[in-house]
Amino acid sequence: MSARPLIVVAGVGAGKGTGGSTARLFAKEGYRVALIARGADSLNALAAEINQAGGEAAAFPIPEYSYKGVLVVFDSILSHTWPSPGATELRVALWNASAGAFKNFLDVTEEDIQNSVNLNVVASFAFSRRAVLAFKENTLDANGARGTLLFTGATAAIRGNTWTSAFAAGKFGLRALSHSLAKEFGKENIHVAHAIIDGVLKRERHGSKPLEEGQEEANVRLNPDAIAKTYKHLVEQDRSSWSWEIDLRPAHEKW
Amino acid sequence: MSARPLIVVAGVGAGKGTGGSTARLFAKEGYRVALIARGADSLNALAAEINQAGGEAAAFPIPEYSYKGVLVVFDSILSHTWPSPGATELRVALWNASAGAFKNFLDVTEEDIQNSVNLNVVASFAFSRRAVLAFKENTLDANGARGTLLFTGATAAIRGNTWTSAFAAGKFGLRALSHSLAKEFGKENIHVAHAIIDGVLKRERHGSKPLEEGQEEANVRLNPDAIAKTYKHLVEQDRSSWSWEIDLRPAHEKW
Amino acid sequence: MSARPLIVVAGVGAGKGTGGSTARLFAKEGYRVALIARGADSLNALAAEINQAGGEAAAFPIPEYSYKGVLVVFDSILSHTWPSPGATELRVALWNASAGAFKNFLDVTEEDIQNSVNLNVVASFAFSRRAVLAFKENTLDANGARGTLLFTGATAAIRGNTWTSAFAAGKFGLRALSHSLAKEFGKENIHVAHAIIDGVLKRERHGSKPLEEGQEEANVRLNPDAIAKTYKHLVEQDRSSWSWEIDLRPAHEKW
Amino acid sequence: MSARPLIVVAGVGAGKGTGGSTARLFAKEGYRVALIARGADSLNALAAEINQAGGEAAAFPIPEYSYKGVLVVFDSILSHTWPSPGATELRVALWNASAGAFKNFLDVTEEDIQNSVNLNVVASFAFSRRAVLAFKENTLDANGARGTLLFTGATAAIRGNTWTSAFAAGKFGLRALSHSLAKEFGKENIHVAHAIIDGVLKRERHGSKPLEEGQEEANVRLNPDAIAKTYKHLVEQDRSSWSWEIDLRPAHEKW
């Protein structure tokens, strides 16, 4: 009997964004789902929701996204005993955690920039390390991969702006990591991809600008369920034709 | 009864590459398929193959990819009477035609560079014009699009090299067109995407370097069937989360 | 006695933009200056101005920037007999000619896009060919170059926009050419550089938007004399540290 | 009597690279020079060399490039009493410090990546903060700038590679910072520029590959004196035509 595939999703937040949608979609596809976020309550709620829908999910709250914190939580995922029978193989890892300070440069504090690079870059190195090491133990799947490592990027990964210096510094760094990893581990059939999310998410509406007169939300806000479908496509790409980078934005986005 | 969707594929060549694979895949999905290429024989053979497999394809040979030649062939596609009953709506157009001269710069002739820009840029403007005008007549499909216009790009679309000046000049220009179109017509729910094919295709093996000792083809050569699957994903993306650009390369490609 | 250096400037226009400023600056530096433009009158006026200021310039009107037209005018420059004594060596060539149609995509005609690629790409191949062949005859100058080939680019060389499809297709193509040339001929000590001019020129004010309340022209419009100084710097760079690409924009430009 | 301009150079190292060359060149141009590096001995030697050559330099050793460490050393520079009479105005600041670990990804330690982002990103935020705040106090100089902030980048700022993950993550982040700053402070006539150094420096020869048969060093290794000249050009650009980014590589570099 073959092992059940496992996806680890870091950065689930309140479960209403890209991390949550990806977790739900892969659960439906038969993946075991390990959820990482800072808030235990919403994490447990999402795991419960997935389990009640017939999936298999477990919550792994993390006190903070430090290098060591990520190693510890990842190791506890890898040694987790799943209720249903059968071995588990890590096949997909999504780094969707993010930290940023959106301010003019002179308002950015030492803490702001330190937090941005610590989470966006240093912690993602730990996450990637564990994912790559686990993938290397796998045989090739039907599509010729040992595993897929996905990174949620942003426009700020390719462009600095007047109020994004701290965020962009972290997101540029994360993109650099994904570039190095894609080149180094493609040769070992580990697929690494980076998605540039260019726009505002539907679920982020709270706090974002209200829709303008005549705007339809589906045209102007990214639906995290749609992002998850593209992530699924990336995971299912044949090893002969892998993507490192893809951009995603609403049809009516001005860019 | 709703209209049957139509895909137009320009640049089918001998039917063994990206154009042919895309035509076959969309035929299986229920699309009518209009095939454009310079060589009538292989074009007819591919149409026959698709029809025998239960699809519906028609061949539209083009004498050369000139601006007017493309308009004429596109118009004959749009007014084509399909054997099976039911209206037709153009929903996908793939510009997969390509011309290049791979030589050192001083060996590039006037004809080489003129051919490159005439096909890669001028003719693609004609193709895009007809596609956009047809898409504008459509209502939104289930994914919120009036139509999807796909362009097959290459590494030479983002990097010149010592032996690619003529090819790169054309492919850069095509990428520019796709960028402008994506920005202008996204607002009208027309999806425009550009794929950077970075590597050698499986079917292009003739004339390309033999595999090295220990190499597996699936790791080092792009399978056009896999490219077609990504094209299908792009067509099926939800309007909330469209990609303009994606790269595709073999797992073991050095880049 | 060493040869007098020659600069060829294509795209002088009315002499009030980048081409004219570059011609004047290099004339002051002791270069012979060959001026190419379509309008003979303003060309002769600029040559006269430079000659009266103690420089040495000659006007070479071109009926149109076709491939053959450029070869013919370049050959007449290379065989020109200059009034003052002494041999001449082509050391710098600036391609500053440009053609574009700024319209929404559906208003772009076949002629618009054909003109854009013919001038921006095909003609620039001819110009580059003659420049490279002439440079190859030179010995190394004091900075270690046989010659410098400069291209005036634009924002539209790296970004398509909703009203720039035809222009961008040409400018992307020109940038591709410069990339290929820089890589191929750097090894022969021929320096190739591409400048992305991002903004509106001071001399283009006619037809451009008037300054807004409180704006100072020097902060918001590129001064072609300043661009010329950067071109001079590129020509004077030491072969150990050559630039291929540089961007130039006004201090207050929003980008 | 007008104030003497001051340049601060962080990352002088042993004085034989880009930082040292820039310090020497600006000293000759009449700038007071504040030198920052970790090693006091070589720093003092460079200051002594510049002073003996008729310039005016002072050494500011820094224990480590932490955020607070950079603030402290910058403040001590700004309150420094220079031996010669006359006020001082900070006009140029060069961030040339760099940290990297060149290893395969799985050999990169937590310390490696933390050091890279702490120096390349976090410390550069502190440096930029002090520079920008000081520049804001200045009036416009003859070229229309309040000051120029220069960053030494690398190929690893735009491309990850298999052995550069930690270095690239830092250098991408630094480039992001420079992008944000250029956009935010251009409007206040503060010029921010980022140089992509693509190749090996002449003075770094120790430890780098020996020249190949037939290679001339001037064709294949960047001369830091040449880099310094381009930095001087950036500082002297007119505000109407500022560069954010420029690449620099040896004529014979393969890229």
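Think of it as A, B, C and D in the order they're written, each chain with its own count starting at 1.
The working rule: a residue touches a chain if its C-beta (ideal position, glycine included) is under 8 Å from a C-beta of that chain, and two chains touch if they have at least 3 such contacts.
Small disclaimer: the values here were computed from a predicted structure and weren't measured.
Chains touching both subunit A and subunit D: none.
In whole angstrom, the spacing between the mean C-alpha positions of subunit C and subunit D is 31.
Computed centre separation for the pair subunit A/subunit C is 46 angstrom, with centres defined by C-alpha atoms. Mean C-alpha positions place subunit B and subunit C at a centre distance of 35 Å. In subunit A, the residues that touch at least two other chains are 183. The touch graph of the protein chains shown is a ring with every node of degree two. Looking at the complex, you find that subunit D touches subunit C at residues 144-145, 183, 186-187, 189, 191, 202, 217-219, 221-223, 225-227, 229-230, 233, 236-255.
Contact residues on subunit C toward subunit B in their complex (touch as defined above): 67-68, 104-106, 108, 110, 113-114, 117-118, 121-122, 125-126, 128-129, 132-133, 156, 159-166, 168-185.
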